[in-house]
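Across the two complexes that follow, chain A remains constant while its partner is chain B and subsequently chain C.
Let's turn to the complex of A and B:
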């Protein structure tokens, strides 16, 4: 890690997409060499499913990151959604719409709390959303007395484990969400206001943008997408996954950052996110195939975020003062 | 909470009150005031139970692990950084302590020393990355939070190992209302207090947190200070892990979960600015006492244990909303 990599990073950074793209190619080749069974049909389908699930939350995370924020409460919202659907319906499809409505309201509430803390109180986003994560997780534990139970209605399973044209439904959902987000970010005033707010909040405010509203909308969008991901995950598992609510799900953040969305706000687009999602999904499925448990996956995610941010660093400080 | 919606032309009395309140929060007085209030409430709620030696010992025991981690966090926050990995470090240290000792008395001391070294090594890595790159501390330590927790899970996903009687005694023995483990915390507090207020290093920590660029041009060894601060935080987190293992007598891969946020809460409640340069050690200790009181009162008032996470979340959220001042640096 000396001047060589730093120099390369500096050259690659303007291209932006080159680094995650080469990372993806590297992992795909390594997987092919290491585990010949990687390119089986079932396994590729798993990659596509993972990409769909991670992707939906990663789009939300991207919107928050672009506004100079970070959303660590994504995993808690997903867990809460699963628990709400399971406890409210217990497998009864007729009650599904009401349960989904409840989950959406909960998502909006959580997004609003995040936004309120960040915008109104000036709390650093990672502290605010981490605190919300702990609160929601605590609420789930207290509500279910530590043992969540209940079945997921059959109707939801088409969303989680169904296929359209041979491709898992979650990937279609991700594609739709990503397309909408890409258009909104690149082609609308709302998108331009978000980029302006993220790259220079003060200038944005002075030029008449209501930055508070822009940032708040980002957190609410992220929470709503987390609800959607929670529905997908519930439909896939078919039952409540008590573990899900307990894990601080970092996939969305890892995907966005690996893809090249800047943590400092205002830089990056949905293309980056899609690339990061693909890379992370391949990596996770490969890890599963190598027999790595939760521990290996957590370690890889942590290392990937660190490596990605490190490689993206430019300037003299990154050129290796050691 | 009302200050946000208050009209611009609020009465001067109100402004003076707000100023007094924010001064109280900054000096850590607010934390101790809430502690006093809570003690009063608990005394009224359960007069027979709260002031027993056993319960006081419970409260004080609850301060040890949290206090060790919070002291490290205090230093890191003073420099304007944050260490999200302390919970994972404590977990790894607790798990390894129990697994490496595995019931053999002769291994106790070497294992504890090894754990402290491990914590210091983790701190060196954090410090070097934060000091030499422009990656924010929270990103670095968020990554290692996952990395270290992942390693702990790779070592064991189930509680395992066994500590020796001697170490378990340190975790559990008490003299009247004073647990033996409190001596560990007292020693750590003394060391950190001396470091902060009596040494050049302490002045450097404040200088780096106040304005790193100005400190650098004034000849403060900014990088060395940052590395040292993270080393102390890592070592203290590892020590907290050893205490966790001593108390549980076995090592669990979830032992330190959530400690990082508790530690941040405590420092924030104690009046520290997350922007760096300002934090009160007395306030941080007040925060430790506050959280320890809240946690131990669950058993005292016989509330369901599953609600404790919720209350912790409420306390943390309230602390974030009320104590974190609006940041003007953008």
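Let's turn to the complex of A and C:
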């Protein structure tokens, strides 16, 4: 009985959540002390919106990380989705379903290319997905001649900037995605195969698990969630401009890693990701409020990732396990 | 008489649970080739590690040129003129021969490599190593295995070695390469180098050795001039040990032919020849013996679809099995790999998850992983095999080798296999757990499973198999059944010294 309760407790508060939790508390307190306006309603809503947007991609990133991969093409897929919706509809809601279908197909294709490079050719995930990121960004720029233009249909704007019960819609979307992912990871055969594959791909394969399919499913899931995030982001902005999502968007990776999902595969839970997302969203909004530019935000994010990974390593002996 | 070039007295080395060396003496004289012989696990590699400063002995003393020394690290050994060349080549293929020979001994002046002096030194060493005709600028990766081995010897010579340890230098060589190596070894001995030569090829002993030392189970069996060691004596001394109640009674195999293999040839360099024909009946246990690199593992891994086939057919219960891992698993051919920790188990996962690792679908009706079914599966296997764990949530990495191996077996048995392939089933497992594994395997065979296992431990092969295949140089050199199965005959076949080799 005790082991059962312990097991259940462990599922809801997985080991290793202490650090991101205390980090979150620390940042929340610091924001309150230094920036009095942080707890205004509008600002909190911004935090929740950011959390929703980042969270959707962070769930996908978590799935890829658990399979011992990494997905650097998330930002490119988001950008591509926005551009597809803007150019295909230019504000015409009737054309929205077709545009979304096109974006989903593009997402599946990009996820499949990532998976193909990693699974079939053994390209290191970092290299494969980075190359795909550059390729897609280049394609977007060439296609739009660097000046994407077009309006986003109103229907999508409810997804991006709407509210349900006072909470921004993107957060609800994230909550739904995270809940589904948590159940799949913890309670299905597919989840078990993913953890086994990420922990020890060799043993998993030799045990008869089709590790290639498992990894491929992870990249496709990540790309599809990036499409969803792209739709949210498009709906929020209401229009597309050349600046949108032109950066190597690492928020998904930062959130997962800060939350405690291991870069080495097979270790981590959605609970970690949710915490990391919350921490990162608070951090980003606080930085905005402090007037930090994009550069400052990036630097703080980078520092947070470094700190998180550094705290997680137990020294060179633990790192050098082969 | 001058002091021996190297003299070890009473060396003892203990590891947790095992005494790897138990009072071993070794005396090597300048100008002589000393063959160091023994089975795998006899203590040769531990001895080499001590002599090269890679491991300190727990007891015993070491004299080099009559002076007592302590070798704390490999550099100390090199400084005393002791260097080693290992079976696995450590030549860096992208570098030139010159750079390989001078590796770690670069001659530099004011921080820059001094090319001329480097080349002269390397040339001299290469000449002594029998590579005088070789252009030192050649990329090392383009050389044959034999030439690379000689490059390694040249590297040792640059270091001014007075004692040269050659650990199975001939394992990868044959024909001309082998004669070239022998010529160089004789030449170096004539120059006054003391050479310790480890080999599994006993014909080399007669061709090369002046002295012989035989180790078994970490103890010195005997030592003396090579003239006193006919091959029969060496084999007897290497393997002669008691095998008693460790092995269970084997049930008579059934009549049904479960596994049938025709002309099977693993893909890879040198894939040629007639290939393997093998039929295994239900309840039959076939042992595969052979030295390291003889193709034992490759054979099993090819059968399991882990490594590709160059040719041949495999049928199970009359149906052909394609050359893929999943086809093999579906047909009921499963492999318990040699590398238990990296290939057999996911050590980070709890024991219950590893028990069901190959049958996740069976505990996930409709895709939903059922904790109850998984727990039931784990408990059934735990009770069947007597697996000692604290509970289903214990991380698998915490278990002993024997219990880990039982989990690997359980993992596969849940898929109801028909053919069980075991690669080194008891490696790294203590003797008590070994006996348990033997009993389990014999029991599974009695239930009708066809079993093929590969092992480097001769007692295991003779004690657990109805039938023995002996591999040598990538092919099957012979097959022994019933009363024919004994360690000496296996050894002769494995070494290619048998008069009855088929």
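Quick notes on this structure:
Methods note: the second predicted complex is superposed on the first by the 297 of 322 C-alpha atoms of A that agree within 3 Å, B and C clash if a C-alpha of one lies under 4 Å from a C-alpha of the other, contacts with A are read in each partner's own complex, and residues count from 1 in each chain.
Please note the rule applied: contacts are C-beta pairs under 8 Å (C-beta built on N, C-alpha and C of every residue); 3 or more make two chains touch, one makes a residue touch a chain.
These figures come from a predicted structure and were not determined experimentally.
When both complexes are superposed on chain A, chain B and chain C fit side by side without a clash. Of the two partner chains placed by superposition, only chain B is touched by A:126; chain C is not. Contacts of A:189 after superposition on the shared chain: chain C is touched, whereas chain B is not. By the document's definition of touching, neither partner reaches A:103: not chain B, not chain C. With both structures placed on the common chain, the touch criterion links A:80 to neither chain B nor chain C.
Of the two partner chains placed around the shared chain by superposition, neither chain B nor chain C is touched by A:217.
Residue contacts after overlaying the shared chain place A:202 against chain B and chain C alike. Once chain A of one complex is fitted onto chain A of the other, the partner contacts of A:59 are absent, as it touches neither chain B nor chain C.
Legend: residue contacts after superposition of the two complexes on their common chain; A:263 is shown touching chain B, with no touch to chain C. Once chain A of one complex is fitted onto chain A of the other, the partner contacts of A:136 are limited to chain B, with no touch recorded for chain C. Annotation: superposed on chain A, chain B and chain C show a minimal Cα-Cα gap of 5 Å. Common to the chain B and chain C contact sets on chain A are residues 202. On the chain B side of its complex with chain A, the touching residues are 4, 84, 128-129, 132-136, 138-140, 142-155, 157, 223, 258, 261, 264-265, 268, 274, 304, 306-314, 316-317, 319-321, 324-327, 330. Residue ranges on chain A touching chain C, taken from their complex, read 3, 7, 187-193, 195-196, 199-200, 202-210, 266-267.
Those residues of chain C whose C-beta lies close enough to touch chain A in the complex are 306, 325-326, 329, 335, 337, 342-349, 353, 357-358, 360-361, 363-364, 367-369, 391, 393, 411, 415. Those residues of chain A that touch chain B in the complex are listed here as 113, 117, 120-124, 126-128, 130-132, 134-139, 141-142, 144-146, 201-202, 250, 263, 292-303, 305-306, 309-310, 313, 315, 317-318, 320-322.
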